[in-house]
Amino acid sequence: MNLLSIIDAIGVFAFALSGLIEARKRDMDLVGLFVVALVTAFGGGTLRDLLLDRQPIFWIQHDAYAVAILALALVFAFVPAAGRIPAAVLLVADALGLGLFCVAGVGYALEAKTSLFIAALMGVITGTFGGVLRDVLCNKLPALFRQTPLYATCAFAGSYLYGGLLLAGVANQVAVWVAIAFIAAFRLAALRWHWVLPVSRR
Amino acid sequence: MNLLSIIDAIGVFAFALSGLIEARKRDMDLVGLFVVALVTAFGGGTLRDLLLDRQPIFWIQHDAYAVAILALALVFAFVPAAGRIPAAVLLVADALGLGLFCVAGVGYALEAKTSLFIAALMGVITGTFGGVLRDVLCNKLPALFRQTPLYATCAFAGSYLYGGLLLAGVANQVAVWVAIAFIAAFRLAALRWHWVLPVSRR
Amino acid sequence: MNLLSIIDAIGVFAFALSGLIEARKRDMDLVGLFVVALVTAFGGGTLRDLLLDRQPIFWIQHDAYAVAILALALVFAFVPAAGRIPAAVLLVADALGLGLFCVAGVGYALEAKTSLFIAALMGVITGTFGGVLRDVLCNKLPALFRQTPLYATCAFAGSYLYGGLLLAGVANQVAVWVAIAFIAAFRLAALRWHWVLPVSRR
């Protein structure tokens, strides 16, 4: 339980950053920066909570997350240097965040007694749907759906792995880190060697 | 109850197909095909369930639907011929799916003790909002809102008819098929003779 | 309680109008006019209710709101003169609606025992997210996120003020009108003197 809380915190930060960067590309003001960062960080987990009927929603109960994202948006709005983060650092942070979010989503889904397949989907939703909502709010075709290096695929495989390990009786403490390492490594390898999924041929 | 389950299954298939076709137009990869198909098929019903506080959500409880849509997306991604379905077949399947979804939505709304007007709206949401979310995810103006042959209008009239028949004491077994036939026939007639609603004049 | 109901009714009308005007710009038909008006008016409050787990959702329980918006959409679709409302009147009505919606959102959040910060956010969501969803459905970058005269900022400041007054023991009857006047005046001043927030510099 405590472990999952820490996991959420790290993921929230990595995802909020990706929202801020996308919002900045659209010349949004402080309000846009904050809302897009909030939605990118909390959108996937919130959708998962609504679908699984989990209440109260974590960022509503623990307001420190939303306050931290507002502070982050303020820094971005007023400090030009805030955006000068090397792309490699961002990609690694995002890959870790993806792993952390998926694991949290699978755990909550299995608590709600879903099947392993649906639990893996809830992992993917937790890890990727904040980014989809970010792109919808930024009025662009979601990057997740385009032929870019594997992202949702890593999330799905790792979520399935995590759920499978748990159902096979592996200790959560072990399964969590196996799954996070698997998802992050798979994602970074897909970036490195440009692994993509096929596009439907017409 | 059993009847509504069958109705849901048929509608899910017809709507997923319309999502796959739209996703393919955007050159989406397998992830995009699957998510857009899932949202088109389940989006309207899921929104209805959230609005009416119905839990658990049906596709989360019965994972066969989501598995089937993933299989369908795989076929679409790898078999070029999968898309070669005559337009007329698709339009008829969609019209039937629309009828089936509306009826399910009205039924669940009346179970939740809404007014007939709101029940009809819930029918329309169930039948049409998956398509609206599909278009939002595909970054286009929702076709439902444009001056195209009547769609939501058929859904609203048929939903009202179905709810009215139920409240008038007509047997559900009868009312269901009257409403589905009415909605599908109304929709196909609107396509055939190009019936449209007026656009607001400026 | 009764006061909040009246507040909701006034706000719904002002926001539906803004939805109709935006839908008309996109040459939407009657269906688009109605849905966009409905989403603009009810979207923020509905999202708040889902996030706070408040059921039943008010416009589903009280169908007079949705019927009134359908009537309004019909007038817009058939009476060209319906759109000839002076811009100043619309801006004042919108500023009042913003104040009214924020106050309702803060009140419901505090009832649900959220922190003051989250309650202020719920006020902002209630007051502004209908407009964000309107823009998403109209396939445009949400105006709320762009460098336009302060809007969400007025909502946040006034929501915080209202929640703070309540927590300080000020009578609700007083606090409500102080907050609404503050938000509307702040918003109209921002329009008059073109107060904007900074854009993030790259």
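Labels for the chains are A, B and C, by order of writing; each one numbers its residues from 1.
The criterion applied here is as follows: a contact is a pair of C-beta atoms (placed from the backbone, for glycine too) under 8 Å apart; a residue touches a chain by one contact, two chains touch by 3 or more.
Keep in mind it's a predicted model, so treat the numbers as computed, not measured.
Undergrad: Superposing the C-alpha atoms of chain B on chain C takes a rotation of how many degrees, nearest 5?
TA: 120
Undergrad: Give a one-word verdict, same or different, on whether chain A and chain C use largely identical residue numbers at their interface, taking over half shared as same.
TA: Here the answer is different, because the shared fraction of interface numbers falls below one half.
Undergrad: Report, in whole Å, the distance between the mean C-alpha point of chain A and the mean C-alpha point of chain C.
TA: Their C-alpha centroids are separated by 30 Å.
Undergrad: Would you pick out the residues of chain C that each touch at least 2 other chains?
TA: Expected reply: 50, 136, 139.
Undergrad: Contact residues on chain A for chain C in the complex?
TA: Residues 20, 23-24, 26-33, 35-36, 46, 50, 55-57, 60-61, 63, 66-67, 76-78, 80, 83, 136-139 of chain A touch chain C in their complex.
Undergrad: Going by the contact rule set out above, which residues of chain A touch chain B in the complex?
TA: Where chain A meets chain B, its residues are 50-53, 112, 114-115, 117-118, 121, 132, 136, 139-142, 144-148, 151-153, 196-202.
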